[in-house]
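Right after this note come the structures.
Across the two complexes that follow, chain A remains constant while its partner is chain B and subsequently chain C.
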Partner chain A sequence: MRFILRRLGFYLIAFWVSITLNFLLPRFMPGDPVSRMFARTQDRMQPEQIEALRKLLGVDDRPIWEQYVDYLHNMVTGQMGVSISRFPTPVTEVIASQVGWTLLLGGTALVIAAVVGNLLGILAAWRRGGAIDSALPPVLIFIGSFPYFWLAMGALYLFGVTLGWFPIRHAFSDTIEPSFSWEFMSDVGMHLVLPALTIVLVSVGGWMLGMRNTMIATNAEDYITMAEAKGLRPGRIMFRYAARNAMLPSVTSFGMSLGFVVGGALLTEVVFAYPGVGYQLLNAVQGLDYPLMQGLFLTITAAVLLANFLVDILYVRLDPRVRAN
Partner chain B sequence: MTTSIATTASTVAGETLAGGAPAGNTAATPDGGAGLPPGASVRRPNRSLLHGLLTNKKAMTGAAILFVFIALALLAPVLYPDNPSKITGMASQEPDAEFWLGTTAKGQDVLALTIHGARSSLLVGLTVGFASTFIGILVGLASAYFGRVIDEALSLTTNVFLLLPGLPLLVILAAFLPPGLGTVILVLVVTGWAGSARVLRSQALSIRSKDFVAAAVVTGERPLRIMFREILPNMASIVMGTLLACIIYGIGAQAGLEFLGLGDVSTVSWGNNLYWAGNEGALLTGSWWVFVPSGLCIALVAFSLSLINYAVDEVTNPRLRKIRVRKIRKTKPAKTGKRASA
Partner chain C sequence: MTQARFLRSARIAAAGLAMGAMVLTGCSANAGNTGSAKADASAQTALLTIPREDMGTFVRNFNPFAPTVAPMTQQAIYESLLIYNPANGDTTPWLASEWKAAEDGKSIIFTLRDGVKWSDGQPLVPADVVTTFALQKKIKGGYDYLDTVTAEGTNQVKFSFKTAWSPALFDLGQLSILPDHVWSKIADPEKDANEKPVGTGPYTEVDAFQAQSFVLKKNPNYWQPEKQKIAGIKMLAFAGNDGANLAAANGDVDWAPQYMPNIEKTFISKDPDHRKYWFPPTGSMINWQLNTTKAPFNDTDVRKALSMAVDRDQVTKIGMSGYTKPADCTGLSGNYETWKNKEVQDNCEWTKLNVDEANKLLDKAGYPKGADGKRTLKDGKPFEFKISVGAASSDWLSVANVIAQNLAEVGVTAKVDSPDWAAVVAGYETGDFDSGIVWTANDPSPYKYFAGTMGTSTVKPVGEKAFENYHRFGDPKADALLTEFAAAADEDTQHDIADKLQEEYSAVAPTIPLFAGPEWGAYNNTRFTGWPTEENPYATLSVRAPTTVLVLTSLEPAK
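Up next, the complex of A and B:
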C-alpha cells in the first residue's frame, strides 16, 4: 500500500510538472508565438473568446502567480479553451474524437509486438544457438534501426501505391458511414493493417532481445536445474518456471510502451494521415493552434501516467518483494 | 559471426566475470576461437574492453559501416562542391549514368543531397549523444556519490523526464522555439538525457558501495576526484553503451522531427530530404529513389551503432556470450555444454 501511495504521489508530481511546462512555454518563449497566432485568427473570434484564450496563453497583465493558480485550476477542471484550427469546437471535444483511433492503432500494434516479441525471446533463450536465436536478432536489430516513419513510407509505397493491397490513408473510407456493421469494421481493419504492421516490425526486436537476455539469466538459476532434475516437461519449465520469472522487466517496459502508444504512434499516424492524437498534434502545430497543442500534450501525458500507475498496481500483484517492503 | 568472441571471454577483468567465465572457458570451443588460451589473462578493464571490441566481428562490422559514413560526410564538399540543393537536372528522373540515384521532383541530384545530408545528421547525432551522456554522467555520479536529498531530488527529476512522452514533448518544444539547428539539438538533449542518467546512476550506485571508494573517502580525496577518477573509470563500458544509445536516439529523433517539418527546413539533412520527399509526393508518383537512400543511410548508421553496442554488451557480460545448449544438457544432465556464441 505504501508503495502504491508513493507511486501515486510521484505521478501527481509528474503531472504537475507537465502542466507547469505547458504554462511556462508560451510565456517565456522568444518571438512571442501567441501574438502571431492572434494576428492570424483574430477576425474570426468573439471578443470574450479572445479574452479567454489570452488568459490561457499568457497574454495577460495580471501577476504571474495569479495566472499560474488560475491556469492550474483550469487544467485540472478540464477547461482547455477552444481550438483555433477547428474553431469554435472546444479542445476537449476535438481530443475526444481522436483519442479512440490512437488507442486502437497503438493498442493493437503494442499487444501484437509484445506477445510475438516475448514469445520469440523465450524460444530464443531456451534454444540458445538455435535457428531463432542466431538468425532473428541481427535481422530484427537491422529492421529496428530504420526510422518508424521511413518503414511506414516504404510500406505505404509498396503495399499501398504499387500493389494496391491496402488503403493508403485515413482510418476508414470516406464512402462508408461509421456504424457497427461488418462492412465498416472490416474497412477499419484494412486501414489498420499497414500502420500497425510498421509499428510492430520496428518494436518487436526490442521486446525479443529484452526477453531473451533476461531469460538467459533466469535459465542459469538453480531452480531451473532443479526442475529439470525433477523431470518436468520442458514446456512447463520454459513457461511456468523460466519465462514467468523473466517477465518482470517486460511488464515494466509494457508500462513505458503504453506511453509510446499514445505519443509515439505520432509519426506513423502522420505518414498514413491516420486521424489520431499524434496526427492532430502535428496539425495543431502547423496551424499554430496553441490551445489544442497544450490540450493534446496534457492528454497524452495523463494517459502515459495513468498507464504506468496501472502497471505499478499490477507489479505489486506480480512481485511479492514489492509487497514485503 | 562465430569465431572470435571466445577469445575475448578471458580478457574482461572485473566483478561481473569473476563467477561465470572460467567454467565457460574450460569447455571446448568448437567454433574455433583462435588466439588467447582460456583464462589466461586478467587485465585492466579498459584495455580489455578495447581488445574485446577489436576482436569482435559485430563491433568491427559496425565500426566499418560507421567509418564509411563519417568519411562520406567529411568528403562531401570535395565530392560535390556545389550547393546540393541546386537544381541540376530534369524533374523526377530515374537513376541513370548521370544521376546515380536519380533526381527529386524539383530536379536536384539525390546522391548529392544524401551525401551532404550525412553532415548535418551525423553532427547533430554526435552532439546530442555526447551532450546527453555528459549530463547523464554528471547527474548519475552526483546522485550516487552524495546520496540522500541530492539523490532523491535528481532521481525524481530524472524519472519525471523519463515519463513525459518524448516525441510529443519534442514537437511542442520545437513548435514554441524558433526553428534552427541549435533548437533541434537543445530539444533533443532536453528529452534525451534522462534515460542515460538513470542507467548511469544505478551503475554508479553499485560502484559507490565498493570498498575502494570508501577508502578514497576516508583518505580525504575531494568529491570531484572520487567521482571522476575512482568511480567513472570503472563504469567505462556502461558509459560507452549509453553514449552509443544516445547517438542512435539523436539521429533517429532528429530525422523524425525534421520529417515533421519542425527542424530547419533550409538545411540539407537526411530527415529534411525525407520531409521534402513526402512534401513533393515522391511516394504517390512512385519516385522511390527519392526517399529510399536517406532512410537507408539513417538505418545503416543506427544499425552500425547498435552492432557496436551489442558487442560492448557481449564483451562485458559473460552470460550473453556463453551458450548453454539445451539438448546436451537434457541428455547428459551432469555436463553443461558451453559453446562460443554468435
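Up next, the complex of A and C:
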C-alpha cells in the first residue's frame, strides 16, 4: 500500500510539471491564433476584421501568471474551453469525436506489433543463429528505418491504388452510415488494415530486438541451465523460465507506448485521411490553438502517466523484487 | 492469478489477436473484389464529388461567421447580391437584379431580384440584407465606411456611406445574404452551429453528414430550377494535399481545386481525354517585399535595381513549375487585367531582367562593388540580408532560392530563411524582417491592393502589429489618388485614376512584383460537363470563390 501511495505522489508531481509545460510551450511560439489564421487564409480575410475575430475567439491578453492560475483551475475542474481552430466546438467534443478512431488504430497496431514482435524475439533468442534470428532482425530494422509516410504511401499505392484490395482513405466508406451492423464493422476493419499494417511494420522490429536481447541474457542464467538439467520440455523452459523473466522491459515499453497511442499516429492518419487526433494536434499546433493543444497534451499526459502507473502496479505482480523493496 | 494462468491467458489473447488479424485480412480480400473505391463512385454518379484538402474531419457548422465553417456554405448554400468573375472581368447580377450608385458616391441602392425564395419557401426581402449587414458588422467587423443600411420599399436596399466610397460596390455585393426570419431568432449568432441552414443557393439540404463526408442536395425552392442539373454535391475530408491528390488521380473526385505538383504527369496523363486543368493568373499578386523602414531598402533605386536583377522567367519556371507568368511594372495580377495601364506595361523596364542596368543603378546609388565582387552598404557593411519564407511553402522557397542566386550576380548576398510560417508572419507583422515573399489584397477593384502596397493609412510603425503593408511603405501622392479613387462614383473615372496609380507604383516601386498567384483548379469531366475553361472563362475553377456558384449552376451530368 505504501508503495502505491508513494508512486501516486510521484505521479501527481509529474502531472503538475507536464501540465505546466503544456501551458508554457505553446506560449513561447511566436504570433497569436488570429494572426496565424490571417496568414493562412492570406488574401481572403480583411485586416479590419482581425480585432473582431480576436474578441470572438477570446484571445487572451492578460498577464501570463493570471492565465496560468486560470489554466490550472480549468484543468482541475476539467474545463478545457472552446477550440480556436474548430471554433466554436468545445475542446472536449473535438477530442471525444476523434480519439476513438485513434485508439482503435493505435491500439490494434500496438497490440499486434507487441505480440508478434515479442514472440519473434523469444523464438529468435531461443534458437540463436537460426533462420528467424539471422534473417528477420535486419529485414525488420531495414523496414523500420524507412520514413514512416514513405512506407504508408507505398502500401497505399500498392495495395490501395494498384491492386485495389483495400480502401485508400477514411475510417469507413461514405456510402454507409455508422451502426452496429456486421456490414459497418467489416467496413471499418477493411479501412483499418493498411494504416495498422504500416504502423506494425515500422514498430515490430523494435519489439523483436528488445525481446531478443534481454532473452539472450536470461538464457545464460543458471536457472535455465538448471531447468534444462532437470529435463523440462524446451517449450516450457522457453516460455515459463526464460521469456517470463525477459518480459519485464517489454511490459514497460508496452505501457509507455499505450499511453502515447492517444496522441495519434500523425503521418499515418494524414496519408490515409484517417479521422484521428494526430492531424488535429498538428492543426492545433500550426494554428496556435492553445485550448485544443492543452486539451490534447493533457489527454496524452494523463494517458501516459496512467499507463505507467498501471505498469508499475503490474510490476509488483510480475517482479517480486519490486515488492520486497 | 498464478503464473501459469497468466501465461496461458496471454497465449490465448495472442492467438485471438492473430485470428482477428486473419479475419481482417480475409474479409479485406473479399471486399476488394466487390467494392473498391471506384465502384463506390460509379454507384453514385449523381453527386458532384469534391475534396477538401485542409480539413481532416468536418464539423457540422454552417454558420458563415464561424472561422471554420463547413465548405460550400458560402458557395452552394448562401448567395450574394452580385458576383464578380476575375477570369473575364464580368459582373453578374445575382440576388440583386440591378444597382445604382448615387452621383455623389455616398450611397448605393440595390434592387432585389423578383421571385427569389429561401429554401424554406419564404421570399427574399430587403430585411434579409439589412439583418445580414447588421450581423456582419457586429460579429466580424469591417465595413467602417458604412453608415446605414435601410430597406426601401418592398424590394430595394439602400446603403449609405460616411464618405464617398466607390470600392463599396463589390465589398457589399459579394457578402453572402442570410435570411432575417431565421437569423433574427438565433440567440447567439456568433456561436450557433446553424446545422440546418436555410439559404437561397442551389444546394442547401444537408444530408448524410459524417465526420469525413457530407452531401448537399437540391434546394427545393431555388430561383433558377432549370440550372440545378446535378443531383447534389458530396464533400470529402482530407488532412492534406497528398490524400486529396490521390483521390483525384484515382478518379474518385470530379473536381480537384487543390495544388497538385507536376499535374500533367500525376493527374492528366491517366486520362488525358477527360482530365483538364486550368490555372488562370487571377490569384493575388505575389510580391517580394522589402522592409522599407530599413536601409538600403528605403531607396527606390535599390528596390528597382534588385528587381532588375531577378530573372522572373526562371522564378516562374523553376519556382512555380511554369504555372504562372512573370509580373510587369503595373504590379497588378491577372485579377485586375481590365484595370491595367497599357502604357505602363509597354514602357516597362524595372521588372525585366537586366543585370547591367541593375549593376549601374547600384553603383550610382552608392553601393560599390568591392574587390571580391560583393557590394557594401553606405556604412561599409556588406550588402547582405535575409529573404523569409515559411518552410511549408516549397514552391515559394524555391522562388526565394532563385532570387538569392540571381542577386549573387550583382554582388548582393541574400540568405533564404525558412522557419515555420507562423514565425515568418510574426516578423512581417511587427516589421522585424528584411524581406519576404508575400501575398497581397485581391479584390474586384484595385483600391485595396494599392492602399495596401503604398497607402500611408496602412503603414504601422515598426513594433506595432500590421496586417497589411508589411513592408511599411507610404506615399502621399498615392494617398491623394486613393482618396480620389474612393470618391469616384463613375467607373471610367476610376479607371483613369487607377492608371495614375499604376504610374505612381511604377515610379516608386514600393514592392517588387514577382508573379500573379495562379488559381489552382482541375476537373474530370467523365461524369459532369460544362466546366469553365480558358476559352470559356465564365468562372475560375476555385471552390472557395464567389464564382463557384456559377460553376455549380452550369455543370450537367455527362451524357
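One rule holds in what follows: the second predicted complex is superposed on the first by the 275 of 325 C-alpha atoms of A that agree within 3 Å, B and C clash if a C-alpha of one lies under 4 Å from a C-alpha of the other, contacts with A are read in each partner's own complex, and residues count from 1 in each chain.
The rule we apply is simple: a contact is a pair of C-beta atoms (placed from the backbone, for glycine too) under 8 Å apart; a residue touches a chain by one contact, two chains touch by 3 or more.
Note that the coordinates shown come from a computational prediction; the quantities given were computed from them, not determined experimentally.
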{"item": "Which superposed partner A:Trp150 touches (first chain B, second chain C, both, neither)", "value": "first"}
{"item": "Touching partner for A:Leu25 - first (chain B), second (chain C), both, neither", "value": "first"}
{"item": "Contacts of A:Gly129 with chain B and chain C, given as first, second, both or neither", "value": "first"}
{"item": "First (chain B), second (chain C), both or neither touched by A:Ala273", "value": "second"}
{"item": "Chain B versus chain C as contact partner of A:Val99, first or second or both or neither", "value": "neither"}
{"item": "First, second, both or neither for A:Leu163, with chain B first and chain C second", "value": "second"}
{"item": "Partner chain(s) touched by A:Glu177 [first = chain B, second = chain C, both, neither]", "value": "second"}
{"item": "Which of chain B and chain C A:Arg244 touches, first, second, both or neither", "value": "second"}
{"item": "Touching partner for A:Pro88 - first (chain B), second (chain C), both, neither", "value": "second"}
{"item": "Shared chain A contacts, counted only where both chain B and chain C touch the same residue", "value": "29-31, 153, 156, 161, 270-271, 286"}
{"item": "Residues on chain A engaged by chain B in the complex (per definition of touch)", "value": "10-11, 13-14, 17-18, 21, 25-26, 29-31, 33, 126-129, 133-134, 138, 141-142, 144-150, 153-154, 156-157, 161-162, 213, 216-217, 219-220, 228-229, 234, 259-260, 262-264, 266-267, 270-271, 278, 281-282, 285-286, 293-294, 296-297, 300-301, 304-305, 308"}
{"item": "Interfacial residue positions of chain C with respect to chain A in the complex", "value": "1, 3-4, 7, 11, 13-14, 17-18, 21, 23-25, 27-29, 31-32, 35-38, 40, 43-44, 56-57, 59, 61, 66-68, 139-144, 190-191, 193, 208, 210-213, 234, 236-240, 242-243, 246-247, 249-250, 283-284, 420-423, 425-427, 429, 439-442, 458, 465, 467-468, 544"}
{"item": "Of all residues in chain A, those that touch chain C in their complex", "value": "29-31, 35-40, 42-44, 46-53, 56-57, 84-89, 97-98, 111-112, 115, 119, 153, 156, 160-161, 163-171, 173-175, 177-178, 186-187, 189-190, 192-193, 239-240, 244, 269-273, 275, 279-280, 283, 286, 288, 317"}
{"item": "Partner chain A, residues of chain B touching it in the complex", "value": "1, 156, 159-160, 163-169, 171-178, 248, 252, 255-256, 259-262, 274, 277-278, 283-284, 286, 288, 291-292, 294-295, 298-300, 302-303, 306-307, 310, 319-320, 323-326, 329-330, 333, 339, 341-342"}
